[in-house]
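Listed after this line are the structures, all set down as C-alpha cells.
In the two complexes below, chain A is the common chain; its partner is chain B in one and chain C in the other.
Let's look at the complex of A and B:
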C-alpha cells in the first residue's frame, strides 16, 4: 500500500459518511431536529438497491437507475416521516423529538427486517467499475474513484444549492430565524419538508452507493449512524462544510489505521471524537450559537 | 410543597446555597414506606403467579431499578442519554469477570456499582462541556464502543458471553433456588429504591430538578450545575451497574446484548411508558413493559417494529406515561366533582 492509494481509499471511505452526515447536519441546522432515524433511511437505500439489482451483474445505466431509485424512495420515506410525525412535534420540547425519531428508527428498522429478513446480502458492481486502474504506479479501484467523484459532485451541488439558489436563500433564512422567515412570506412548512426530503435522499444515496462494497443487512444502520454522529460532532453540528472536512479526516485516518496500525481499526472515529470534545467541543466548524438544543 | 432558599444571605465563605426542602420532607417517611409497599405488592404478585410469570417478574424488578436510574437522568436532571445500557452491561460484565473470586453476592454488586460509577465519571467529565443534544450523541457512541469492545477484548468472549456466574449465598442462605433469589433481589432492589427516593427528596434532588427546569437560572442562584450534573450521572451509572450485577447473578450469563443500542432504547421506552417525571413512573413502566413484552409480543418476530410503534404512540399521545394518564383522570374526576 502506498501513500496515494491509502489516501484515495480513505477519501472514498469518507464519501458515504459525508453524504449521511451532511443530510443529518442539514436537517439539524435548518429544522433543529436531530434525526435518529437517519441511519435507518440509509439502510433502506442500500436494501432497495440490493433488491433492484439482485444477483445479476448490472450494466452502468441499470446501476445508476437503481441508485437514483434508492435515493428517491428514501426521500419519499423521509418526507412521509416529516408530514406524519416530525411536523406535529416542532412545538414540543427537544426530548420528545429525539424520542420520536428514535421510535421511527425502530419502526423503519423493524419494517426492513420484516421485508428483507435478517440475512445479509451482497451485490455485484457494474462490470466496468469492478476493475482497477494504475495512477502514478499504484493500483486504485475504479469504484473508489467513482465514490470520490460523486462526493465532489454532491459537495459542490450542496454548496451551490445553499449559497446561490433562491431555495437556498430561504433555507438559510429559516435556519437563522423561522418566525421572521414566515413573516416575510416564506413558505416555511414547504421548505422544511423539502429539506427533510433532501437530507433523507442524501442518506439513501449513501446507502445505495455503499451497497456493492459491504454486506447489507438491516442492522448496518447502527454502526453507520454512530459513525455519522461522530462526524457531525467532529465537524460541528449544523455545518455542512464541517461534515465534509470531518468525513474526509475520519475516512483518511481510518484508511491509515487499516494500512499501518490495524489494532486501531474501527476506533479512529471514537479517538477523534474524544480529542475534539476535549479540545474544541463545538466541533471544527461549528458555531457557538448552536447550543439551542 | 414549599421550597425556600436559605435566608438571610449566607456569609462570604459559605458553600453553595443549596435549595433546602421544607422540614416536612426532611422527616419524610416516603423513602421507607414506599419501597416497602413496592416489595410487598411485587412479592404478593410473585407468589400467586405461575413459574414462567415469576421468571418475568424476577427480571422486571431488576429492570425497574435500571429504569429508575435512567429516571435520575431524564426525569430528575434533564440529562438525555441514549447509551444507558452501557452501565448496566459494565456492571453485568464486572460481576461476570470476577466470578472466580470467593466473595459474597453483595460484594459483587458493590464492585459492579463501583466500576460503573468510575466509567460514568470518566464519560461525564469528557462530556461536561457539551450541549444536551451533543451529549446524547456522545452517550450513544460510548455505548457502541462498549458493545464493540466485548468482541475485541478476548476475555469478554464476544457473542458467546460469559456463563456459569454463581449466585453464592447470603447470610448462610443459598441463593440457587428461585424463591430465595427472589427475596434476595427484591430486598436489594427495594433498599436501593428507598435510598434513591431519599436522594430524590433531599436538597440535592431538589437542586437537580432546578437544573432540569432551567440550568441558567439554577446557576444564577448558585447551584453548581456542572458538578451536580456529573454527580447525577455517576449516581445513575452506579445504580445501573448494580442492576447489571444483579442481572448477571439472576441469569448466570452475560452477553453483549446487555450493552446493545437496542437495549438502551428499551430502557428509555420502559421509563417513558411509566412516566419520567414521577419517582415511581420508570419502575412501573419497566414492570408493565416486561409483562406486555412477555404476554403479547413474546413470540412475535417483529419485536423491533412493535417496540417502535409503542414508543411513537407513547411519545405522541401520552408524553407523560401511565402516571400522566392517571393524573389526567384524577383531574377530570376532581373537576366533575367540583362542578356538582
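Let's look at the complex of A and C:
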C-alpha cells in the first residue's frame, strides 16, 4: 500500500466513526446525556439498509434512498426514545441516565434480533461504486472516496448548522443554560428533541454507509460504540470538531498500523486514549459543553 | 389597563416552602420594587411568575388578563413577561448580537433591535464581542437589552446591581428609570439596595419569610423607619 492509499483508507475508516461519535458528543454537549443506546441505533441503520437492498445490486439512486431511509427511521426511533424515556430523566443523576440508555440498548438489540434474527447479512454496493480508480498512480476504492465525501459533507453541514444557523444558536444557548434559554422564549424541549433525533440520524447514517463493507448482525454495534466513545474522549466531550479530528486520527493510525506495523492493529485507539488521558484529560478540543462546534 | 396580577401565589422547592400566599400587581408604565432580606422570597417570586421548573407553585398569575400560571417558561416569555436573572446568565460562547437575536419575538416590530440599541447605546458598541469578554456592567446591559428584544409588557429584574461598582449602579439606575416610558412596559425589581429601589419604584412591596408584609409608595416607606428597622435592616445586631 502506498502512503496515499493508506491515508485515504484511514480517513474512510474514520468517517463512520466520526458520524457515530459526533452524534454521541452532540447529544452529550446539549442534553448532558451519554447515550449507551447509540450503538444500537447504528446497528438498526445498517440492518434497515440490508432489508431495503436485499440481495440485489442496487442502483445509485436506490442505494442513496436506502441510506437516507435508514438514517430517517433511526432519527424517528431516537426521537421516540427521547420523548418516552430520556426526557423524563433529565433531572436525574448520570447513573440513572446511563442505566436507562443501557436498558434501551438491550431493548433495541432484542427487537433487532426479533426482526432480523442473529445471522449475519451482507449487501452489494452499487456497481459503479464497487470498483476503484487511480489517483497519483495509486489505486483507491471508489466506495472509500464516497465515504470521504460524505464525511466532508456532514462535517461542513454540522459546522454550518451549529455555528451559522438560528437553530444552532439556540442549541449553543441551551447547551450552556437551559433555564435562560426558556426565559428568552426558546422551546428547549423541542430543540433537545431535535438534537437527539439529529444525533441518532448520524448513527443511522453511519450504520447504513458501513453496511456494504461488513457483515451486518445485531451485535455489530458493540465494537463500533466502544471506538466511538474512545473518539469522544480523545476529541473532548461536547466537541463535534474534536470528534472529527479524533476520528480521523484513529482511522489513519489504524490504517498505518495495518500497513506498516501489524502488531499494533486493533490497539491504536487504546494507545491514543491512554496518551490523551495522560496529556490532556479533557480531550483535544473538549469543554464538556457544546460551545463553538 | 394591562396588568401583571399575582394572586395568592405560594411556591416551594421540594418540601421547603419559600413563598406563601403572595399577591401583587404591576401595571404597564410603572416600576414596582420588591425589598426584603436574603431568603425573603424575592427571587422565588420572580421564578414562580415565570413558572420555573425548579419549584412547584399554587395560586394564579395573569398577564394582560390571561392566565400564565401553567404555561411553560418559554411561553410565559413569549406572552410578554421577560426575566433578567440575578447572575445575568449571558451565553458566553455567543456574540452580543447573537445573544440579542436569541430573544427576538413575533411580538416585536422589525425595528426592535434599533429601538433597543438607540436606548441602551452601550450595547451597540459591544455587538461583535463574545459574552465571556464582557465586564459585569456590560453583561447587565446586554441581558436587559436581550430581555427587551422580545418587546415585553413586563420586565422582571432580579437584583440588577449585584456585584456592580457604584458608578455603574448609578448609570444602570438612570437606564432602568427610562424603560417604562421608552418601551411602554412595567418593571418589577428585586433588590437588596434600598436606595436603588426607592429612587426608581413608584410602589414597593416588602417580603419577609416568603410573605408580603407591607406595600405602599416609595415615599411612604422612606417615612416609616420602623418598617425599615423591622423588615429590612439587622438593627443593632451588626
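Methods note: the second predicted complex is superposed on the first by the 287 of 293 C-alpha atoms of A that agree within 3 Å, B and C clash if a C-alpha of one lies under 4 Å from a C-alpha of the other, contacts with A are read in each partner's own complex, and residues count from 1 in each chain.
In the analysis below, contacts are C-beta pairs under 8 Å (C-beta built on N, C-alpha and C of every residue); 3 or more make two chains touch, one makes a residue touch a chain.
Values in this document were obtained by computation on a predicted structure and should not be read as measured data.
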item	value
Overlay on chain A: chain C relative to chain B, clash or fit	fit
Partner chain in contact with A:83 - chain B first, chain C second, else both or neither	neither
Chain B versus chain C as contact partner of A:165, first or second or both or neither	neither
Contacts of A:133 with chain B and chain C, given as first, second, both or neither	neither
Partner chain in contact with A:177 - chain B first, chain C second, else both or neither	second
First, second, both or neither for A:2, with chain B first and chain C second	neither
Greater chain A contact set [chain C / chain B]	B
Touched partner set for A:215, first chain B, second chain C, both or neither	neither
Touched partner set for A:56, first chain B, second chain C, both or neither	neither
Partner chain in contact with A:113 - chain B first, chain C second, else both or neither	first
Nearest-approach distance, in Å, of chain C Cα atoms to those of chain B in the combined model	17
Shared chain A contacts, counted only where both chain B and chain C touch the same residue	291
Interface residues, chain A side, partner chain C - complex	166, 169-170, 172-173, 176-177, 179-189, 291-292
Of chain C, residues touching chain A in the complex	50, 52-54, 72-74, 77-78, 82-83, 85, 89, 91-94, 98, 101-103, 105, 146-147, 150
Sites on chain A touched by chain B in the complex	34, 36, 85, 88-89, 92, 94-96, 98-100, 102-111, 113-114, 222-223, 226, 229-230, 232-233, 237, 266-267, 269-270, 273-274, 277-278, 281, 290-291, 293
Of all residues in chain B, those that touch chain A in their complex	74, 80, 82, 126-127, 129-134, 136-138, 140-141, 144-145, 148, 152, 261-262, 265, 268, 272, 302-309, 311-312, 315-316, 319
